[in-house]
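Across the two complexes that follow, chain A remains constant while its partner is chain B and subsequently chain C.
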Partner chain A sequence: MTPSPPSAHPSGISLNHVTKNFGRKQVLTDVTAELPSGRIYGLLGSNGVGKTTLMSLICGHQFRTGGRILIDGIDPVENPMVLQRTCFVHEDQLYNDSFSVRDILAVIPAFYPTWSAETADRLVTRFRLPLDTKSKKLSRGQRSALAITLSLASRAAYTFLDEPYLGLDASSRSILYDELLAEYAAHPRTFIISTHLIDEVADLMEEVVVLEDGVVAVQTDVDEARAACFIVRGREAEVRTLVGDREILTERHLGTILSATVRGAVTPDDRTLAERTHLTIEAASLQEFVAALGLHALDEVARKTEVAS
Partner chain B sequence: MTHVRPNLRLYLANRTGVLLTPVVILTIMLGLSLIVAGFIGIATGFPLPEGTVVRMRYNGGALYCVPGFLLSVGVLAMNRNFSMALAFGSTRRNFWLGTSIGFILTSLAVGVGTVLLLGLEILTDHWFINARAFDVVALGSGDPVQAFATMFVLSMLSLYTGAFFGTIYRALGTVWTSVAAVGLGVLALCAGAAFLWKWDVIAPQVVGWEAWFFVALGLVTAALMAAASYGANRSATV
Partner chain C sequence: MTPSPDGRPIFLEIADQIAADILVGAYPEQAQVPSTNELSVHYRVNPATAGKALNRLVDDGVLYKRRGLGMFVAEGAPEALRARRRAAFADEYVRPFLAEGRRLGLSLDEITDLIHKEDR
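The block that comes next holds the complex of A and B.
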């Protein structure tokens, strides 16, 4: 059977009630999201929430338990026309032990008609990758640099970066961000980046998808995500009055002082009340928002476990 | 073919390892055989006496020396190269096809290497001392076609067996790899027992085949292992 070719106009990735179980453990319980093409997405969430698993399912590296995944309107599983438009170098990517960096850079271009030798050469130079070193001898940072080099030079329409900064020093991370933006500006395509260094990468991302508890907890524009919660501090009673029936994602106590991360936007009434009752209101960073969602999910799990027992 | 070719290039990225090393191993086996023959010759005199030559006709070194290495090539191809191929947008099917073409090239290299060394052995009147490493019963007693076919099939069998275990390991982990190894061993023993039990029925059918019988048997087994590795590959994950 001839696989269907992708549409001339990439429509993006569509996830519809995607589930994934590993034995009895359900990692993704119901993931539904639309990721239009030509954007940079941040795939965020706590450790073990299923970010890498979701990217593996999209690229057909693993098989979903249920639901539907489409890339440009086509199921990517075993479809060469669709998969050749994807590049997903895993954070713990296995390479053939006998391959040097030079061998890898010689063979991978055959997989991509869009391969940019110029980008590869530039990144090899900027990251100072040792061409004659065997892949198994590379340090953690060099492995990340190699993964970034291959991913960006592939110019794949859908490029997945799984915690690409691991082991990279500050200047190398800066190279990553510069190069990613330059590539994106020159050759717009879809990047999906899983990351824990959220604030560092926040300026790169256009949209965030936050996974918690096996579902998409939030999918929104980065600016909207930044405005999706705020932090209020002060005496506990006044803080609770200001919050009202809005959802508190996390709270920290210091004596009688409460610091609460609240889901929702700050209203003018909030500001007036805060001024009158000597409360401090400040915007939460994206990282604080995601961390709060993660802690909230953990609290919910603990609460459910307590109820069950 | 467009999508298969990158996978073949991936397999051939280390040409020395997959094309030259097996032939080097055959050459080392030849060297060791000549050293042993030399020691015998020191005791019995050169050229080697007829009794020693008869024993050397049953030298199975060529059959034993390459399978271990080729098993590891098969395992690594399906394990490490598989992860790379999928990362860079290949399908499992195209990866298997590209790697299979690579396996054929490796087996051709082993077959051609064997024939060349056999030719040298005969041209030098068995290395000037009546020693034999390739002009042996197991390789058709000097028949280059049979020597080629035997080594080609043996190589394919070794590569696909490695590929099967490499894929099982990738798809299902160490426990199932052990289960598969034990299962395959039991199956091989059962098949061997069945052959011995029904040998009086089988023997008349294959009389005159001589070493070709083992080539045919190896071919069927290689085809079964190829099918098994393909099946396992379809469900392997990264």
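The block that comes next holds the complex of A and C.
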């Protein structure tokens, strides 16, 4: 293998025109992003858009089809040093069937020089993980709790959490968010979290990366993402006047009423006009913004297919 | 922390909350306020967001930094906060309240009567 080219960003993850095909299906068409280390990122986007695939490529668990990936300036492909610095417990992680939770917790620390037994013990207690239960007998929620325990206790410089809350009840999710922030505060590192419960996790993130249609549709600070779109509702003609030539991501109709999700920030002029023409303007939550981007991408695909046929 | 419906950034909401806590005397002048990490865990927000809230209050002269020690309530901060809140009172409360009264067809006298009744 040729040595990796030196990176302009030695500290963090650098993605350069990354592509990934499964057979003839292209999942990631052109992913480019710089993710400086030491932040909590939210990796968002519709189902099947390639979030899990991208995380696997960054950790070197899968091979990319094209492009360049560097993690702290090193190509992750077959690099044991990168494996030590990354932790990604997959949703359908296979453990040896004969292993109990206790056995798994005894084996995994060998892979991580940064392992914290204290964190592992604390999370096992808080999640009430059954130490003597065999891995294949664990419930969905218990598998998630085990994955979170391994991920946080690894203290890996780059920790990937792929929908970590699956099957967890509200109080266990609360434990996850508290422990994540406490770990991050005490031992700052990079977390990349994929999630569909966007509004529940949004405040934990510093930056969001939205994947849509195989590319990075948006990468921004959470506050900016929140201000990146708004919802205006009222009589259709007045709504269209207010929107002007700005992009409407999604529209919902109810008789003569139009509710439009508009890309852009609300201006003082918008507020004045809305008051005069009886329109309501609301901030869109991050979840609404990401959902609107996803629907918009679907519409675009449908339009392209229509033109082609 | 729940985001406000008008899309105000969370760090401003947290800054307001700390300011409100200073106003009610939770942190007297020269007292230390919670650290970025403590605020982060308490409000369940990213430490960067908590840091932005503290910096906003430093910029406003409400808090000051002691290198290596943390953030402290500035001398005269509670009084300054109260003065600022009073100045905003007309804009934030009185004007919308009058506008709604007028929309409902209430006269100024009727509105003043209502205020006196509530104050009893």
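FYI, the second predicted complex is superposed on the first by the 299 of 309 C-alpha atoms of A that agree within 3 Å, B and C clash if a C-alpha of one lies under 4 Å from a C-alpha of the other, contacts with A are read in each partner's own complex, and residues count from 1 in each chain.
By definition in this document, a residue touches a chain if its C-beta (ideal position, glycine included) is under 8 Å from a C-beta of that chain, and two chains touch if they have at least 3 such contacts.
For clarity, every value in this text was computed on a predicted model and none was experimentally measured.
Novice: Counting only touches as set out at the top, which of chain B and chain C does A:182 meet: first, second, both, neither?
Specialist: In the superposition, A:182 contacts chain C only.
Novice: Of chain B and chain C, which one touches more of chain A's residues?
Specialist: Touching more of chain A: B.
Novice: Looking at A:197, would you say it contacts chain B, chain C, both, or neither? Reply first, second, both or neither.
Specialist: So A:197 meets neither chain B nor chain C here.
Novice: Which holds for A:295: it touches chain B only (first), chain C only (second), both, or neither?
Specialist: A:295: touches no partner chain.
Novice: Touching A:110, do we find chain B (first), chain C (second), both, or neither?
Specialist: Only chain B; A:110 stays clear of chain C.
Novice: Considering only touches as defined above, state whether A:56 meets chain B (first), chain C (second), both or neither.
Specialist: Only chain B; A:56 stays clear of chain C.
Novice: One more residue to check, A:85. First (chain B), second (chain C), both or neither?
Specialist: A:85: touches chain B, not chain C.
Novice: If we overlay the two complexes on their shared chain A, which of chain B and chain C does A:40 touch? Say first, second, both or neither.
Specialist: second
Novice: Touching chain A in the complex: which residues of chain C?
Specialist: My answer: residues 1, 3-11, 36-37, 40-41, 43-49.
Novice: What residues on chain A touch chain B, complex-wise?
Specialist: Of all residues in chain A, those touching chain B are 56, 59-63, 78-80, 83-90, 93-99, 103-104, 106-108, 110-112, 150, 154, 156.
Novice: In the complex of these two chains, what residues of chain B are touching chain A?
Specialist: Residue list for chain B touching chain A: 3, 5-6, 9-10, 13-14, 17, 76, 79-81, 83-94, 235, 237-238.
Novice: Using the touch definition from the top, list the residues of chain A that touch chain C in their complex.
Specialist: For chain A paired with chain C, touching residues are 39-40, 177-178, 181-182, 184-186, 199, 202-206, 222-223, 226-227, 230, 266, 282-285.
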